[in-house]
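These are the structures in question, set out in turn.
Same chain, two partners: chain A is paired with chain B first, then with chain C.
Here is the complex of A and B:
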């Protein structure tokens, strides 16, 4: 199934930037980074439980938020893109 | 139906910040801003076509991207949240 994961973090601090990098590192094991803080992860329920556990141990729940959207297996019909192509350099210019 | 709209824009420029504000203004007519650049919009197909048209006239397709995720009418079962509560001050601290 495809799980879309969106992450809101304050990257005006070095700690925030570091958390974003760590979240990205976990997510790209299972899929791709489609926007700066948006990840599409192909996981089965066990993998999702593991990923979720790891992410929630990284983020600061007082300041950051994670949202998970379950797009199921028929996800290709549920996604549309406009504009600059997918593909993100995590070390590149700050985008949001 | 719920359409999730995610927007990637370079907000290190004033023009980028302005585009994000304008995208947000359009989206919140139909729903809510759940993260800095993530909007959940409740629309029918006609409203979605109008909204899409407006958004795509605001963004710079060479540098920005928009993604639309169609979560259908049974969307409440497809969303999960962790961390800081939903509710975003668009004039607040820069988040992503």
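Here is the complex of A and C:
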């Protein structure tokens, strides 16, 4: 299934900046960055649970937020892109 | 059913593969060209490459991603594999059975019977689709001969007889192969199979597709815990993936031959996309290879209903399913091995 993950991390403190970096790093591990602080992750339910757990143990719920959008396995007709930064299709042909 | 994951093909000659956390990186001149999480992949295939970092190899071993190296012409050079996985009892049974002449012959007959039936289906398809342009008589004759062979095969008592019938079937099939090509007939002549090196374009294409298929079959066998090197029909030889070749026999017609014919008939590849060397060897150009790989990947995602499991699966999982069925037969859960038939 494809999960869209977006986050807002409060960066007014140094600790906040470090949280932001750590959140981004975890997201990169599981999916592709489609925009700043927006990630598309193609994961199975186990992997998602893992990712969710990791992210939620990093953020501070009083100042930061995370949002998950579940696009399911039939996500291709639910996503449209316009403009720069075209991503790749993780289920398509990967050839370089 | 297991999910079919993606395969990453790297055809840039100066690409360096590295890893960052859980990501596979493709770098060119130290600049990151591509980044993909390793859990989206099931294999990485590199063609004539600059290098891969040991850390990436480590990651691939850990996650069971098959990392294969092919030279720029698509010849298999090697593969990185982790611990031998799976059940030692299963592998022991495999070795014992491979030593047992009777069982080896029985399994060989299964592989070859399926190959012959599937080859016949490919010819049949040509007759049905292009009945007006092909030589109906020759095809019907070949099909009738092929149809009789499984019966003879059932009576074969040793490996050499099985190999003999296989050779006969292959000769009959490939001598009719040029009939399947209905467009670009002049650019793609083929009269029989040849290799090392292939001396015509169709043979070059077939050899390349067979290499891709063997990579997937070997990885599938390994993932269910079988040893791809110990075969029943193909005997042991250092460096040869005998069992992979065995299981591949039944998949060749539908996976590779049909795809080759389709690529030519739909004009997806052209005569100009091949280079003829001084010694008569024919190799593909980079663009042709990319086109073939793209179609191969798309083909693997097509859904079919598996004839034995009666379950809808992507075509790319068929090698895995066959490996699984073979393992079940070795464990004694299945009376006999059901090969892959395609109508």
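Criterion: the second predicted complex is superposed on the first by the 84 of 96 C-alpha atoms of A that agree within 3 Å, B and C clash if a C-alpha of one lies under 4 Å from a C-alpha of the other, contacts with A are read in each partner's own complex, and residues count from 1 in each chain.
Here is the rule we use: a contact is a pair of C-beta atoms (placed from the backbone, for glycine too) under 8 Å apart; a residue touches a chain by one contact, two chains touch by 3 or more.
Worth saying up front: this structure is predicted, and the values here are computed from it rather than measured.
**Student:** In the superposed arrangement, which partner chain does A:31 touch: chain B (first), chain C (second), both, or neither?
**Tutor:** So A:31 only meets chain C here.
**Student:** With the two structures laid over each other on chain A, which partner does A:61 touch: chain B (first), chain C (second), both, or neither?
**Tutor:** first
**Student:** In the overlaid three-chain picture, which partner chain does A:78 touch, first (chain B) or second (chain C), both, or neither?
**Tutor:** first
**Student:** In the overlay, work out which of chain B or chain C sits against more residues of chain A.
**Tutor:** B
**Student:** Does the superposition put A:69 against chain B (first), chain C (second), both, or neither?
**Tutor:** first
**Student:** Thinking of the overlay built on chain A, is A:6 touched by chain B (first), by chain C (second), by both, or by neither?
**Tutor:** Only chain B is touched by A:6; chain C is not.
**Student:** Does the superposition put A:43 against chain B (first), chain C (second), both, or neither?
**Tutor:** Second partner only.
**Student:** Show me the chain A residues, by the header's touch rule, that chain B contacts in one structure and chain C contacts in the other.
**Tutor:** 93-96
**Student:** Going by the contact rule at the top, pick out the chain A residues touching chain C in the complex.
**Tutor:** Residue positions touching the partner: 25, 28-32, 41-44, 47, 88, 90-96.
**Student:** Under the stated contact criterion, what part of chain B meets chain A in this complex?
**Tutor:** Counting only chain B, the residues touching chain A are 4, 6-12, 20, 34-38, 52, 55-56, 59-72, 77-86, 93-96.
**Student:** Under the definition above, what is the set of chain C residues touching chain A in their complex?
**Tutor:** Touch residues, chain C against chain A: 3, 6-12, 15, 20-23, 26, 33-37, 39-41, 290, 293-294, 297-298, 301.
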